[in-house]
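What follows is a set of structures to go through.
After this come two complexes, each holding chain A, first together with chain B and then together with chain C.
Moving on to the complex of A and B:
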């Protein structure tokens, strides 16, 4: 059985996701020691801008013009609307070259070996439900349930699946949910109008569980540790990461935080991009 | 700003950073306590160690069914080896946590807490 990781990277008008994916892939190789492939609509940009990229295979998908935009913060005081291409995650079942695949977002930075043994688990589908915000004061209830009346929230950011009939059904279901997003958004009372993989995954898990608390989705080891886009990454040194965390009620002021040997979802992509360019992410 | 107020804010900042860092340290410790065997995952707790010891004391050392962290059953072929491993991981991780916690407590400046 083959194991490997997949990172999606579709560049937008203001953000080089391929740059983030190259960095994330190096971290995967360093800590998990598995091959990494990229799924992208810009293979030309990858080979021209990053000729020494670490990818095992480059899977090309057609260019998708999207009209979906999302407000991205860069620290607490700045935000801009950026194109958001997140509509092909459901195709990973057909696109992955591996039998058992770890899928991560390009802003998910692996800094530990905690996911490594998860490849040997017997579960069909492993994903994070539990999470930890590096800002102690901030409520993470938006990442607990998709809304206060509805189903548990699952992170589409990171998951491991094995190719089989069950997971094929799961990804087919996500395709169906995406195609009928307006209906499912109403049914599950999702306020966000833009399509989000996290929500589609959460709804699909709920349906796969027979609309009860079933055992289809198994929790990945550890927790989804994250900073939001209102925080900033300062630097990464070995398995240590340093951050500026937004202060409660003091916009533009931050407290320092440091992690050692845990994987972190760095939602402030601009900050991560600055760090990769060399120097600090602030 | 009044010097005393400035000092108070400095202390408040220090306390907030220290408190958050303690939480992160606990999470780092918790992640070290995940143990995988035969395709199943366990969270190593004093309860798991005690239960495993009880199983051994009752004379069951081979092919014993356990239930993992996700409520899936798994057969542990060599219970003694399982016990030795989880005990070792638990004590090493807890010791490491204690050392790091004491180190953190001794830091009196924010820059020292995050090793700037």
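Moving on to the complex of A and C:
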């Protein structure tokens, strides 16, 4: 049985996701020691801009013109609307070259071996429900349930699946939910109009569980640790990361935080991009 | 040895709720389906066939107050069964609970002490149960409990009778903080447990007894001053699945709001009970 990781990267008008994916892939190889492949609509940009990229395979998907835009913060005081290409994640079942696949977002920075044992688990589908915000004061209720009336939240950011009939059904279900997003949005009282993988995954897990507390989705080892886009990454040194975390009630002021040996979802992609370019992410 | 469910009801709306609950037992239970109704009311003829026994309230002198707590301790004396699960009328049984009977058969009295909300999250009710918390009492739910006809159970219900008949004194003695100026059966049971020192004999953490409690403050919503039916949609489908806010409800559902029982719900329950769905 083959193991490997997949990172999706579709560049938008203002963000080089391929750059982030190259960095994230190096971290995966360093700590998890598995091959990493990229799914992208811009293989030319990958080979031209990053000729020494670490990818095992490059899986090309057709260019998708998206009309989805999302407001991305870059620290607490700045935000801009940027194209958001997130509509092909459900295709991972067909596109992955591996039997058991770890899928991560390009802004999920692996700094530990915590996910390694998950490859030895013979579960169909492993994903994070539990999470920890590095800003301790911030409520994480938006990442606990998809809203106060509805079902548990699951992070589409990081998951491991084994190719089989059950997971095929799961990804087909996500495709169906995406195709009928307006309906499911209404049904599950989701206020965001844009399609979001986290929500589609959460609804699909709920349905796979027979709309009750079922065992389809098994929790990945550890917790999904994250900073939001209102925080900033300063630097990464070995398995240590430094951040500026938004202060409570003091917009534009930050608290220094450090992590060691913890995988972190760096939602401030601008900051991550600046760090990769060399120097600090602030 | 006979086993069955006992429902206490006084007043037309409670009789209708008891009828709905009995119908839900008929379609959801694989094993024990016998249901008895303890009431002083005249039960409409069309409801009667679903009850195996309609038993009068023993020593009945006057109607009870709001929650008829004055008569509820009498369930031990009224039940026609050797083993009884007592249910509040405003509940539905949605899934087979045969395994519960197996567990409960090893015990003499068991009160439910665990609830969830419709999101199937375990909740500890500190909103309605201030007196329980303030006085360090256990947190039993009379709405779902079990007893077997034994000497121990009889003694326990004698304690409960005493508490119900002397609740003001008992509250002063055992629940003086956050004083409740009414007789509630849950608090009466908690005090009876203190009085008889039977914590380990009537409560345990491994008991399967659990129900979904639909009081709004338990649902984890920001607004707690609404009715749950105004906040989330529900449907009872033809399979007998009750889905609330897109979440399939399990086992025992305590809907609390009386108008949950509509002619449409009764029709669906009737179809399910008669195997027409």
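The rule we apply is simple: the second predicted complex is superposed on the first by the 282 of 282 C-alpha atoms of A that agree within 3 Å, B and C clash if a C-alpha of one lies under 4 Å from a C-alpha of the other, contacts with A are read in each partner's own complex, and residues count from 1 in each chain.
Everything below uses one rule, namely that contacts are C-beta pairs under 8 Å (C-beta built on N, C-alpha and C of every residue); 3 or more make two chains touch, one makes a residue touch a chain.
Source: prediction; values computed, not measured.
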Combined model on chain A: chain C and chain B, fit or clash: fit
Touching partner for A:252 - first (chain B), second (chain C), both, neither: neither
Chain B versus chain C as contact partner of A:44, first or second or both or neither: neither
First, second, both or neither for A:151, with chain B first and chain C second: second
Contacts of A:212 with chain B and chain C, given as first, second, both or neither: second
Touching partner for A:97 - first (chain B), second (chain C), both, neither: neither
If touched residues of chain A are counted for chain B and for chain C, the larger one: B
Lowest inter-chain C-alpha distance for chain C and chain B in the superposed arrangement, angstrom: 16
On chain A, the residue positions that both chain B and chain C contact, one per complex: none
Touching residues (chain side chain A, partner chain B) in the complex: 112, 114, 117-118, 120-123, 132, 134-136, 215, 218-219, 221-223, 225, 240, 242, 245, 247, 255-262
Residues of chain C that touch chain A when the two form their complex: 119-120, 220-222, 231-232, 241, 243, 245-248, 250
Footprint of chain A on chain B - complex, ascending: 13, 16-17, 19-21, 23-24, 27-28, 30-31, 34, 36, 39-41, 69-72, 110, 113-116
Contact set on chain A toward chain C in their complex: 145, 148-151, 187-188, 206, 210-213
